[in-house]
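Remarks on the structure that follows.
We just call them A, B, C, D and E in the order they show up, numbering each chain from 1.
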Amino acid sequence: MKLAKVVGTVVSTRKEESVEGLKFLILQQVDLEGKDTNGFVVAADVVGAGISEMVLFATGSSARQTVRTDKRPCDAVVMAIVDNWEVNGELKYKKGVHD
Amino acid sequence: MKLAKVVGTVVSTRKEESVEGLKFLILQQVDLEGKDTNGFVVAADVVGAGISEMVLFATGSSARQTVRTDKRPCDAVVMAIVDNWEVNGELKYKKGVHD
Amino acid sequence: MKLAKVVGTVVSTRKEESVEGLKFLILQQVDLEGKDTNGFVVAADVVGAGISEMVLFATGSSARQTVRTDKRPCDAVVMAIVDNWEVNGELKYKKGVHD
Amino acid sequence: MKLAKVVGTVVSTRKEESVEGLKFLILQQVDLEGKDTNGFVVAADVVGAGISEMVLFATGSSARQTVRTDKRPCDAVVMAIVDNWEVNGELKYKKGVHD
Amino acid sequence: MKLAKVVGTVVSTRKEESVEGLKFLILQQVDLEGKDTNGFVVAADVVGAGISEMVLFATGSSARQTVRTDKRPCDAVVMAIVDNWEVNGELKYKKGVHD
């Protein structure tokens, strides 16, 4: 999984019918300090993540291991909203504090 | 998924028979501003995307989760045509306006 | 899928028995102008591609979706020989002309 | 697989229910000398790895080939704690010595 | 698949039990001239490859398509020992000559 911040949404009317109803979030990948990096990805949301929340996302076939993404042409999914993370004993991000 | 612009097509006569009838599009990846990046990929089209449209594409085994790509040696598929996207509350792309 | 030029072959006597009989081609990836890039990959051939031909290859589990690669430890396959491609209405490669 | 050092943990309350109970470790990838590189990943732990231990992790669908990660949206797993490795006959890392 | 040279081994006592008995090799990726590049990977060996041999390895789910890696959390496998390869008609590597 990777750490990322939810920064936006993508809207699509004409799409493969099996992805109908999926919400597509734009995720900006972050480094271990919580700073934006250049990488971004569009992922389906199955946990109700909102703009500016830090999340974990999974890619590849693992992105289809949820009820809402199963058997769909979806290669990235937000599967957790992050409360906090620490590196070498130091708190690097805490929801509500570092947002 | 990734954001990309449809910029071209690839024609092939001699190919694995199971991909017969699939349309192969050349996708130029774009950044969050909608600007071209260096990355490109060739993807099967299952939504009727046309040249210069912004799309979402999925890769890997997820690219085979459609009726037309199922069980085929195809690792990228256009699964949505993008109407618009926004980042941090700002509209970055709107079909018909930013094309 | 990616665009590449067939530039060579790899010979192996001692190998996993299930890949016995597969032909391994060296593929040099090309950009949209048909120019060599730094990337290369070794792929199984299922379409009879020859040296200097432009091809499409698929990677990952999609590379196993052919009769000859099914259930084999093979992660890249040449699944189409390219006749031509065009970008933004301009012919960038045509077999027999740009070779 | 890749070599990495366990450097931290990620805590999440709201998550896909199937990953409930999985421990998420932050892994800093290392080079063959055991030095940190820029790459990091968040992986599920199934071997009881602790902070500062060197580990091997697997990604993609292979990350789901354990009892605790099976059928879950998890794309990276720590599947071995490293005792030592050597390169060209030279011991590059030995647990308890190079930590 | 990718070309690489076997340069080392990784030893692990505490690991996911299904990978018990697998030998983990350190592979240094090489370019088409057979020169070392920066990339390396740890792969399971199913062909009896030895230090300094040139090999082909497969990654992802394809790495599990062998009897010894099937259903295991293993994402890279050495599936062939290379005798030789040539590029544009020129022999670039021949076992016993370029080692």
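Quick notes
Going forward, a residue touches a chain if its C-beta (ideal position, glycine included) is under 8 Å from a C-beta of that chain, and two chains touch if they have at least 3 such contacts.
For clarity, every value in this text was computed on a predicted model and none was experimentally measured.
Counted as hops between touching chains, the shortest connection from chain C to chain E is 1.
Chain A and chain D, compared by their mean Cα positions, are separated by 20 Å.
Distance from the chain C centre to the chain D centre is 33 Å, each centre being the mean of its Cα atoms. Multi-chain contact residues of chain B (touching two or more other chains): 60-61, 63-64.
Beginning with chain A and continuing to chain D, the ring of touching chains reads A, D, E, C, B. Against chain A, the residues of chain D that register as touching in their complex are 7-16, 18-19, 24, 26, 40-43, 51, 60-61, 63-64, 71-76. By the touch criterion given at the top, residues 1-3, 31-32, 46-48, 56, 58-66, 69, 77, 79-89, 92 of chain C touch chain B in their complex.
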